[in-house]
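Some structures are shown below for you to check.
Paired with chain B in one complex and with chain C in the other, chain A is shared by the two complexes that follow.
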Partner chain A sequence: MAEKKRLKDLSFWQKIYIPEIINGLGITLSNMFKPSFTMEYPEVKFEPPASYRGRPVLALEENGEERCVACGLCSRVCPALAIEVQAGETDREKERYPEKFEINMLRCIFCGFCEEVCPEEAIIMSKDYELAFTNREDAIYGKEKLFVPVSQLQDRIQFLRERK
Partner chain B sequence: MEILQIAVITLVKILIVVTLMLLTVSYLVYFERKISAWAQNRVGPNRVGPAGLLQPFADVFKLLLKEDIVPFAATKSIHTLAPMLALFVAFTTYAVIPIGPSVEIFGYKVDLVVADVNMGILYILALTSVGVYAITFSGWSSGSKYSLLGGVRSSAQMISYEISMGFSIAGVLLFAESLRPVAIVNAQSGLMWNAFVQPIGFITFVVAAFAETNRLPFDLPEAEPELVGGYHTEYSSMKFAGFFLAEYANMIIASAMIITLYLGGWQVPYIEKLGLPDYAVVLIQVTAFFVKMGVLLFFIIWVRWSLPRFRYDQLMDLGWKVMFPLSLLNLIWVAILIMIMN
Partner chain C sequence: MSSFILDGKQIEFKQGQTIIQAAADHGIDIPHFCWHPSLSISGNCRVCLVEVERMPKLVIACSTLAAEGMVVHTNSEKTLAARNAVMEFILINHPLDCPICDEAGECKLQDYAYQHSVGESRFTEEKMHKDKRVELGPHVMFDGERCISCSRCIRFCDEIAGEPQLTFVQRGDRVTIVTYPGKELDNPYSLNVTDICPVGALTNRDFRFKARVWDMSSTKSVCSGCARGCNTDIWVRSNEILRLTPRHNEEVNSYWMCDEGRLNTFKHVNSESRVSGPQIKRDGKLNKSNWDEAYAAAFGELKSYTKDEIAFIGSAASTCEDNYILAKFAKTVIGAKHIDFPRHIKAGDQDNILIREDKTPNALGAELAGIRPAADGLTFHAIMKAVDEGRIKALYVVEEDLVGLNPAYKETLRKLELLIVHASNYNETTELANIIFPAATYAEKNGTWVNFQGRIQRIRPAVTTIEGDRSLDNLAMSRLDKFGTEFDRWGNVKKMDARPVWKIISGLANTQSGKFRYSTSEDVFNELVKSVPDFSGLDYDVIGEKGAALKKFVNTKTV
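Entry: the complex of A and B
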């Protein structure tokens, strides 16, 4: 039977190591002169693309009105049970507003279901990824922390309209 | 010269050498990290001081402040002795390596070597063999499987490679007809560097030197994936630092040995033809020694970040079936050369 040539069979030059070693050394040396990929984090911050799902926030219209109508769909769909909404009534056109809107950031898994289910484009995943708390109370984000002007969320909204 | 004078001069030399060693060792660690970072397109330490230059001191402070843990199963006395032994060997070996020719300083004739021993090479070989004990002791006394395996591997590896190392050195000794490091350097004047005269011996010696210093691709004693940390698994705080420093000091010694035996020591080929004043020649020669050393140290680190580790059987195969015959071949080659030249 003829001997089969296999892929792992080494040639003579590969067997005596030295040319291959020089080859390898050349690769590392050439890498030494390439620019580094390191992002020096606290000074240089990562700017995520529009598809990034960071901390969920509530959109605030230009005139200062909240978009949320407290339908409770987000709270309903949330697989981690992180969202708590209590509705209230107003005399404005939309009639309902969230009296209380809390997201427990220790529970949130950043799945984006709340954003997907929201009929008003009110709850939106922002690009904020710097979430650190020193105690559990701090991790529950109330309305004052959740509201973000809609102008800051434009590219995510754009992304959602194109892809959703 | 009076005894007192000799004593003072030697003490000053020891002081200079030890200080230099400690500084180089600490900055070698820094450069190891920097070069590894460059090879992997990273930045490396850059937080402590400008460009991270104070990082070695931060590391030492951290290690000093750590708790010193001795395992319950350890044999305490030997456990403590091992890192001391490693450091002792690493720092004493340097005594016989010359960094330059004899110079006149303030009317005194000073050799730029701590001790110009006529058995210098034997002294180095003997001491580096004692260095095996440090690793074997630490592995044996730690009372841990990983440490023991590391220690055993290390002693087997050192014994296998010391043979080819010894035979490669024999080739050099045949040429120089002396065991004095200074005489060996002097025998390599001009372009008669042993690296060119006996290239096979050079390669076998460099490979053996890598194996003796336990550097990659021969770092089986501390192979992280299999042995956790190898022989220093059970060490912490300054005892660990002792091993760490000894490893880097050994690197310096290995490169100094390679320079002395094969790369012409402090010699710069044909420098005498430039007609420079004496002090300038000496200065250039000493600088040349340190430049050669720097290049070699870079090479050692560079190899570490390029090559994978050998498997244990491959290591033994290489040691006994390749390096040993090659070094014998080199010895024959040198003998033929001497026969032709005389």
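Entry: the complex of A and C
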């Protein structure tokens, strides 16, 4: 059997590696003067763009009213069954409100279907990506963790309206 | 038989039938709001407009009599255009509040808006504002804006409930529904209007906002409120019953059920007062025990009395299977002859619509299954008298709250040496019991009831006990039941440690003989059919969803 020949043998300069090392160091050196892309998390926080889908939150109006009317569509559309809503009756004009609203963050897959289906623009994907819990119970976010003033969500609401 | 052509299909009809009725009899649904098979024809919604060849204009299918050789089109271009136009008119003043409305998911208007509407409104003006959240009566809430003025509720009160309480007032787009001055919607059948309301204008105040229909499972069952045995659906979410609705059965209850049955026959199932796990009284205090221990204790205690000192009380609220096993146990294992069940007759509380005086669902069945005294045995009242006089020392009570039935029995029962009770909930009788077996409610077991007409009907488990599993036991499953885990709060449901009577008594009997070998209530029923001629020819499949008349009663007309 004929001996297999390499497609291309390394030349002398390639064999001693030195020029390649210098080449590599050159790239490193040139990058040192370019703007940096990394950040010193957690001292420096990443500020996601409006298109980012962080943890879903519920909008709280300026006057402290809840936007959510507990229609249950988010719960229905959720492919991971992360959302549980129990409706109750109030005296407000919108007679329905969420007596209980829980999102199981261990189930949530951040797909954003809940936000898309919401008829009241009440459930919104926030920019919050810092989710840590040490047990299953803590992973279930109730109303006290979910409600966020609508002023903090303007960025995302704007983004959604542009794409409707 | 005469026939006409509907969308190219030949349809037979009886003389005097309307197009929509003839079509419905053949399983063809012509869109309609105001028409209801059990109510008079009103013809006001106009959604059922159809094209009939050689007729100059479209006609409404609900009030046009079918005629020989008629050619009807329900999907022609003209019909569709008319239906779209009608939908657009109806939607003009209908608020877009489906997210808030409780009817969403089972709303005719919502369904038709998807199926027959163009999806866009040309109406830019302000919609009519009317009264919202009007309490029409103790059980029904009315939302004027959602109402499409089909008048079904008005016709129901006039024609079925026989108490005209509702009427239209105003004209044109201001038309709305009110109760007559000084009256409220409080007839005993008022909640049926929430079922027939095609939109969310009339809602059940007991169920408002409790759950979305798509989160619940529904199980075909029978109401336990009286001897009528109205066919029902039990709606369950997270193993908790949230509402009952009537199920159509022309032989028994048509489309209706009474408010009493709808509201007050399921709450004890979810109640905090449920008995879970067998309880044995030691030193005056009830202690939870395990089943085997309780079986052995109960059997041992019963055996220490002579058969004349023991009496058995069955129940007309238990199933035929339960009562059959109780009678079999009492007669063959113990040899007792004092066996009967108390009647719950509420004299005068009866009408010629549905409600019956007998407030139990299975009085006839209990008797047929063998709950009656032997030739020299005592009847219920005689048993209680004998207990009072000390002649009967041990009493075995199945699913009856005797003290609740008659407070004087409290003193009577105190005289007993042994009281064994099957109870689903703690009550005044269980307070006096030496041993309590937790009983599965009618919503937790399979079985049969015989109503006052002699019609045998199936009940099915809608709620699962601690031994059960929804999927393995073939229970109706909602989406939540299918995918829930113990780590989900909604999946981690409350289950009772309770068993049906036939299972408990079999366990009791088997501590000695091992002869009560049944694995399901169907096994018990098949044996019952073999040993009681009145049930011959029946099995669970024959009874099916709508029940079957016992042979003895086939020709008795009782409506």
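Just so it is clear, the second predicted complex is superposed on the first by the 131 of 164 C-alpha atoms of A that agree within 3 Å, B and C clash if a C-alpha of one lies under 4 Å from a C-alpha of the other, contacts with A are read in each partner's own complex, and residues count from 1 in each chain.
Methods note: contacts are C-beta pairs under 8 Å (C-beta built on N, C-alpha and C of every residue); 3 or more make two chains touch, one makes a residue touch a chain.
Model, not experiment: these values are computed from the prediction.
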Inset, instruction - Count the residues of chain A touched by chain B and by chain C, then name the partner with the higher count. - result: C
Inset, instruction - Could you say whether A:Leu73 touches chain B, chain C, both of them, or neither, answering first, second, both or neither? - result: second
Inset, instruction - Determine, under the contact definition given at the top, whether A:Gly64 touches first (chain B), second (chain C), both, or neither. - result: neither
Inset, instruction - Pick one for A:Phe37: touches chain B only (first), chain C only (second), both, or neither. - result: first
Legend entry - Which superposed partner A:Pro49 touches (first chain B, second chain C, both, neither): neither
Legend entry - Residues of chain A contacting chain B in one complex and chain C in the other: none
Inset, instruction - In the complex, go through chain A and note every residue touching chain B. - result: 18, 21, 24-25, 27-29, 31-32, 34-38, 40
Legend entry - Footprint of chain C on chain A - complex, ascending: 69-73, 75-76, 81, 84, 87-89, 94-96, 102, 104, 106-107, 119-120, 136, 140
Legend entry - Parts of chain B lying in touch with chain A, wherever the complex brings them together: 35, 37-43, 203, 302-303, 305-307
Inset, instruction - Name, in rising order, each residue of chain C that touches chain A in their complex. - result: 98-100, 104, 132-133, 208-210, 212, 214-215, 479-480, 483-484, 487-490
